[in-house]
């Protein structure tokens, strides 16, 4: 079955960010495919390259990246939600003349249309709320 | 996009206090641009979004009510409101800035069964 | 004397109840952000006796409540918010 | 048939009421995160007839509720969560 | 720091679902290190923090109950719980992992009047 | 009178971040002094240097910075809350070997003790919650 996930919760702030990751792992373990993971609202903070959690707390952006590399996941971050919250890739940093960028590798900024498209082509869309 | 799915966007939060109401609205508008049929259902404090005369300039935010008023122009004209959410707040359809259809509990459960994708904010 | 601020709508019944339970006579409750929906006329809220009620004006206007406030609720602007903080010995934020 | 997930404690009365109102007979409600507190035995919750109830096991254990669940609540692990999604035609998250 | 102020930390949220409970606890511990008298008051879903047998390894979080148990070692031994919050959840003092004092509404209002700084999470 | 502010809400996510800023402006306009503004929990996102909100939305980190320069405000961000959420200054970026840093100028990372100290020396501590 084809799943897509909508992650609307930020790591360390709301448990939904971690539940989403666990769900993705369980989903792939059962042989399902994940068409896209879409990060929206505060969920965009789950795509930062700069998170440095304590040793005994998971680094979710790093875990998503590792999962994406193994399973060729499409990790998309809502660009409008991201740039207003200070999450930029190199392009957006240039466009807005900001001193740096902080999007974790293997994540991509794109429009909300990617959420609509994911809902259309997937069998199930599961939201992880804040 | 060949496949058509019926989308229902549920909006439960009041405007301005958090980004939920704005995010729900943006999702509805974007989905409509993808030429999918979109309905919206306002529950709980989400009904406050429909109040007239919102003036958010003093809190540095955009007028959510103004964007809501534009929904029919995007062919989002199936707007549903939980009857008890509205009335328990001392409000009625006349207080709303858009024509809405009032639903009781049975009708809400049925509305959900009639949609393929349900997103809640 | 305590200034209480509350920033959630009355649908958060447990928060509102805790706030009202914590009020002593002579306290002031300032409704801010989504808390101003508590000030809507016709709400079945049992306000405790001896507690002054007000709502932050910018939030009232933002939400279209200017002509819909209950008669026992005064409005305060941002300067009034600061003054209320000065006039009370402590401030508790309910959120 | 719909799978509903709920991630808040029953003190969020409006959320729980909306969720239960939206359930049809044949639906399943999966309690996750803080939603598992709804599964605590002795809660005065009027569960709708014909709705299957379960709670996410990792969240039940985290919160110390293993020996405190109401008898009508089954536990599901993460794999069970995925299976429930497959068995229902749509999933709604109440949060 | 010469001035002494009496701190009351109010903790209203359940553990694990959000960072509120952890942040309240960290604030209490830090304030105690500053040698200020600190009391804690658990209201609403905050009383769930006190439940025994928490095992959060499966959700990748630290055991909040274990940290709470250490409060007396930091001289935070004034722990108060809203009586009705506990009982309305079908719980009693025996379900708590620490000895706590139960307060009714009047006692809560008085507790607040007896503190200089009140922080709520 | 001496005020301190505890900002526990993130810009664009919760209105509390904006209310706190308006309060600070009103406070200073009345001649009060602000000993410290402490950013904690999700509030730490109010200190990002990379926020690029739309033209008609305020850039709160930039506004706090401007206010701090005019009034010599002490803007302190809880270091533990910040680093796990991906908000780093140059020092922490080095310590955790991260590719960049994103703390807005005139903000400072420090411990939770700065909140306790602020509460002790100020006449009033006002929390702006999420």
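For clarity, chains are labelled A, B, C, D, E and F in written order, and residue numbers in each chain start from 1.
The criterion applied here is as follows: a contact is a pair of C-beta atoms (placed from the backbone, for glycine too) under 8 Å apart; a residue touches a chain by one contact, two chains touch by 3 or more.
Computed from a predicted structure; not experimentally measured.
> Looking at the contacts, which chains touch chain D and chain F alike?
Shared contacts of chain D and chain F: A, B, C, E.
> If more than half of the interface residue numbers appear on both sides, call it same; otherwise different. Which is it for chain C and chain D?
same
> Computing the C-alpha centre of each chain, which chain sits at the greatest distance from chain F?
Greatest centre separation from chain F goes to chain D.
> If you average the Cα atoms per chain, which one ends up farthest from chain E?
Farthest chain from chain E, going by C-alpha centroids: B.
> Just give me the whole-number Å value for how far the CA centre of chain C lies from that of chain D.
34
> Once you find the CA centre of chain B and the CA centre of chain C, what distance in Å lies between them?
Comparing mean C-alpha positions, chain C is 27 Å from chain B.
> Averaging only over C-alpha atoms, locate the centres of chain B and chain F and give their separation in whole Å.
Taking the average C-alpha coordinate of chain B and of chain F, the gap between them is 34 Å.
> Rounded to the nearest whole Å, what is the centre-to-centre distance of chain A and chain F, using the mean of the C-alpha atoms as each centre?
For chain A versus chain F, the centre distance works out to 26 Å.
> What residues in chain B touch two or more of the other chains?
Residue numbers touching two or more other chains: 16-17, 19, 44-45, 59, 61, 117, 120.
> Any chance you could list the residues of chain D touching two or more other chains?
Only 7, 11, 14, 33-34, 58, 90-91, 93-95 qualify.
> Of all residues in chain A, which are in touch with two or more distinct other chains?
In chain A, the residues touching two or more other chains are 8, 12-13, 15, 19, 22, 41-42, 57, 81, 125, 127, 129.
> For this structure, enumerate the chain pairs that meet the touch criterion.
A-B, A-D, A-E, A-F, B-C, B-D, B-F, C-D, C-E, C-F, D-E, E-F
> Enumerate the contact residues on chain C facing chain B in the complex.
Touch list, chain C to chain B: 7-9, 11, 33-34, 37, 40-43, 57-59, 61-67.
> Provide the residue numbers of chain C that touch chain E in the complex, in ascending order.
Residue positions touching the partner: 2, 14-15, 18, 21-24, 89-95.
> Across the complex, what residues on chain F touch chain E?
Residue list for chain F touching chain E: 6, 8, 40-42, 80-81, 111-113, 115-117, 119-121, 125, 127, 129.
> Note which residues of chain F are touching chain A in the complex, please.
Touching chain A: residues 10-13, 41-42, 45, 48-54, 57, 61, 81, 83-88, 92-93, 96, 98-102 of chain F.
> Report the residues of chain E in contact with chain C in the complex, numbered from low to high.
My answer: residues 10, 12, 43-45, 82, 105, 108-110, 112-113, 115-118, 120.
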